[in-house]
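Shared between the two complexes below is subunit A, which has subunit B as its partner in the first and subunit C in the second.
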Partner chain A sequence: MILAIKLAFRNLMGAGLRTWLNVLVLSFSYVVIIWLNGIMKGWDYQAKNDMTHYEIGGGQYWHGLYDPYDPFTLSESHAPIPTEFKNEIENGEMMPLLIAQGSIFPEGRMLPISIKGIPKDQTILKIPTQKLDTLTDAIPAVIGSMMANSSRLEEGERVTIRWRDANGTFDAAEIVIAGIFSSNVPGAEANQVYVSLKQLQEMMLLPGHATILTFADEKAQRSEVDGWVLKPKSELTRQVDEMIKTKSYGQTILYGILLLLAMLAIFDTQILSIFRRQKEIGTYVALGYTRKEVVMLFTVEGTMHAILAALLATAYGMPFLLWQAKVGWTMPVDTSQFGMAIAPTLYPIYTIGLVATTVAIITITTAIVSYMPSRKIAKMNPTEALRGKLQ
Partner chain B sequence: MKNILITTLSLLTLPALAQPTATEIINRVDQNMSSENRIAESSMTIHGRRGSRTIESRTYSVGTEKSYTEYLAPAREQGTKMLKLDDQLWIYSPSTDRTIQISGHMLRQSVMGSDLSYEDMMEDRKLTDVYTATLSGEETIEGRNTWILSLEAKVDDLAYHSRKIWIDTERYVPLKEELFAKSGQLLKQTTFTDVKQVEGRWFPTTMLYKDVLKQGEGTEFKITSIEFDQDIPEHIFSKAVLRR
Partner chain C sequence: MEIIEIKNLIKKFPVGKGEFVALRGIDLNIGKGEFAGLIGPSGSGKSTLLNIIGSLDSPSDGTVNVLGKSVGALSTREAAQLRKSSLGFIFQSYNLLQVHTVYENVEFPLLLLKYDAEKRKKMVMDALEWVGLTDKVKSKPPQLSGGECQRVAIARAMVKRPSIVLADEPTANLDAKNSHNILQTMENLNKELKTTFLFATHDEKVINYLHRKIFLLDGKVEKDELIRSN
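Up next, the complex of A and B:
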């Protein structure tokens, strides 16, 4: 085997530019596959991390009628906070949130929004709720940067907000933008205005009511509570998983094309080698090599492209991949309109598993592609081969 | 003798000169504006930011409980029908050949992009039943003397907590109305113009609805023809008429 490897290496080096062209194409596949997978992993991490910090915490209880995709149900989806959660809320391990529908009128444009009542002193989410303590004659409110962009509102600006209380009676007041936060999570920012929970409960005539209860600890054992539906973190982040799965399928096609190009080059090289090196094959057999050993020699020679490509990819790919992990990849389009938790700059995350899997897949594929044309050697007549006669 | 004559004359003329109460004014307006039934053709012009569009319709109504509207123009809206029976509302759309019931919070949506919501159109409770009315002043609008009525909600489930209505002192028709939020913020304003005498009663034929919080010129509602107390067949107010 070692002899086969030595021979294969010598033959490859002897082939010169042809070998290096194959190796370069294959190394490109390594780098692209690792980079794209790293981006996906980075997105997955960033999206779930941001969602945890700005929207879902360690999981939530939803009021039985709450459906985020049906704003018409909002006015019905609230209830008094269950007494069993009183201690957790007092200890800051759980946070009630009341959601109501309303409209704001920046520069006379009507913008339908969700008004979210959030405790001023909460620490579960990174929303700057302490700013809701601002002393002003208007209602202090906090909005996300996506909302600030779409409504063209700036910190300190005042705008009229209109809502209907629990009886359906219209009410209107002025809010002042006390703070703007940036989270990359549309679920926490788009068309949403945060006011203090107490304030919203008063506005809606719903003292002590909540729509969502967000808890901090995702690992704690929890059970269903009457009238409330337990939504573990895994369920709340399922959308991200599904999106990444869909994107990964799309990327697989790209990997396939890249690999196909590389494999075509290797396949061609193998065919050409066997065609041009018939005398060599005949000599090996004459020297006592079994046909199987000769096939093995050529297969190893082909597979060695993958090993050399891995080394080349390490040489130029490693600095590139590390640089990318540091500066990230900024998407050329505005990601805030995607409706998904996605940062404008994604930082790829590479794992040993990712690199090992990529190397294994490319090496095994190269081995198979190298073996396929080599099988022809087993059918060769060694005497004819020794004479260099075409078979 | 002279003093007795003056006192007697004063006693005789005072009741006639006395100002009516707010409730009496509202009742007079109701008498003037309402009828057993009516058939009206109207055009609704919605002034938006990207231009205006006009929708023409014909409405059959009985009191405030039953009403059937069919849209006549433009071509895109032609054939759309709307039926209101008490507190239920159905809309038929010819493009989908479906009838849908507008209920619950869908009633809060705007009618064809106008400043009016379905709920505004559905309001059929008598003002005197749900509001406490007081006469709060007098004003002249476009040369007409008006009484200003202030209405405060006396029930909880009203969309507007208070209203102000300007009533023509002579013709007993509203000339202006303002709707307020609980906080006192003005939300909507309606102006009634082109008051004409139709079948012996005074009736405003142009109404301009304006959501004051929004930019824009509001929604203009023009009655092009109106007939009172007609013989409207009962089948007009059945769901079957929608798909006909």
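Up next, the complex of A and C:
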């Protein structure tokens, strides 16, 4: 085996440019696959991280009737905050949120929105709720930058808000944009207006009510509460997982194409080698190799492309990948229009497992692709190979 | 002592639907240290016979014993072992490994035999000394002349001190001067190391060096002439 590796290495070096072209193509596969996977991991991490900080905390209790995809349920989906959470809420480990349907009228257009009542002094989410603590004649409100962009509202601007209270009566008031935050989380920004919880409870005539209870600690053992559904973090981030999974399918196709190109080059090289190097094959047999050992030699030789490619990929890919992890990758398009939790700059995350799997997959694929044409050697007649007369 | 014993060897090749009989009953014994040659016109079966003796091909009928082993009965592994340990080949077109240096080419059979580095180095340098190429160790075959290539091939065949060297038309690509040069080298090695040489040739220059001339015609031994015994 060691001899085969040594011989394979010499033969590859002897083949010169051809070898390096194959190795270059393969090394490219390594770098692209690791980089793209790293971006996906980074995206997954960022999306979940941002969601944790701006939307879901460590998990939530939802009112039994709350359905985020059906705004018409909002008028029903609220209830007094369960007493067993009183302590936690007072300690700041849990935070009630009341959600109501409403509209605002920026520049005279009507924009349907969700009004979220959030405690001014909460620390579970990074939404700048302390800005709701301003004294003005209008209702202080905070919105996300996606919302600010789509409604063209700026800080300090005033806009009319309209809602329907618990009795079904329409009412209107003026809000003032007290703060704008940026979170990359569409669920926390798109068509959402945050006012103080007390304020909304008054507006809705629902004192002490909430729609969602967000808690900080995802590890804590939680029990079911009547009328409320426990939504652990893993369930709330499932959408992200699914989105990443869908994206990964697309990527797998890309990897497939990349690998296919590299493998075609290797396959072609192997076929050509076996055809052009018949005399050499015959010579190996004459010198005392069995044909099976020659098959092995050619397989090792082909597979070594993958090893050399890994080395080359380390040489130029490592600095690139590390640099990317540091400065991140800024998407060339406006990501806020994507409607998914994606930051404008993604920081790839590479794991040992990712690198090891990539190397293993490429090496094994290369080995198989090298082996397949080499099997032909086992059927060669050595005397004909020696004369170089085989077809 | 006979190291090659051939009895009633028949070799048939399938050709189209029928078959072609290349060797039609060869009986031949070759002893240790002989410097013998198979002589005959093109197509007389010289290469075929040499390949069977070299366990690269198998007999259709009859027996061929090489160093006491019946080559027709050997498994591929055993045949490879026989070639690796006891047989040296020299080819018309040298068959050197092009991307390896002269040194590496000559070292190759010793690597297969798993000799240690020190032993290999000494044996390679000895072999290169025999053929007068110690100054070309780092060259690669494409940089060498035809004569030099064939001398490397001789060194490679001889380096493991095999019992038998089989040489198929070793001078066919060489000019007269180079031919004489390598033949003298081989004759000397035959004398010093008692290696058995078996040639296949129709080159007059080679024939003149042979100590025994075995004439083949249409797959049969036509004449067997001993010029001088060892």
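The criterion applied here is as follows: the second predicted complex is superposed on the first by the 390 of 391 C-alpha atoms of A that agree within 3 Å, B and C clash if a C-alpha of one lies under 4 Å from a C-alpha of the other, contacts with A are read in each partner's own complex, and residues count from 1 in each chain.
In this text, contacts are C-beta pairs under 8 Å (C-beta built on N, C-alpha and C of every residue); 3 or more make two chains touch, one makes a residue touch a chain.
Everything numeric here is computed off the predicted structure, so don't read it as measured data.
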| item | value |
| --- | --- |
| Clash-or-fit label for the pair subunit B, subunit C on subunit A | fit |
| First (subunit B), second (subunit C), both or neither touched by A:15 | second |
| Partner chain in contact with A:383 - subunit B first, subunit C second, else both or neither | second |
| Which of subunit B and subunit C A:221 touches, first, second, both or neither | neither |
| Partner contacting more residues of subunit A (subunit B vs subunit C) | C |
| Angle at the Cα centre of subunit A, taken between the Cα centres of subunit B and subunit C once the superposition is applied, in steps of 10 degrees | 150 |
| Partner chain(s) touched by A:83 [first = subunit B, second = subunit C, both, neither] | neither |
| First (subunit B), second (subunit C), both or neither touched by A:91 | neither |
| Subunit B versus subunit C as contact partner of A:290, first or second or both or neither | second |
| Superposition-derived minimum Cα distance between subunit C and subunit B (Å) | 75 |
| Shared contact residues on subunit A - subunit B and subunit C | none |
| In the complex, subunit A residues that touch subunit C | 3, 6, 10-11, 13-15, 279-280, 282-283, 285-293, 381-383, 386 |
| Residues of subunit A defined as touching subunit B within the complex | 72, 75, 103, 105, 107-110, 160, 162, 164-165, 167-173 |
| Subunit B to subunit A touching residues, read off their complex | 104-106, 108, 153, 156-161, 179, 181-183, 185, 187, 211, 213-216 |
| Subunit C residues within the subunit A interface of the complex | 47, 51, 54, 56-57, 76-77, 80-81, 83-85, 89, 91, 93, 95, 97-100, 104, 108-109, 111-112, 156 |
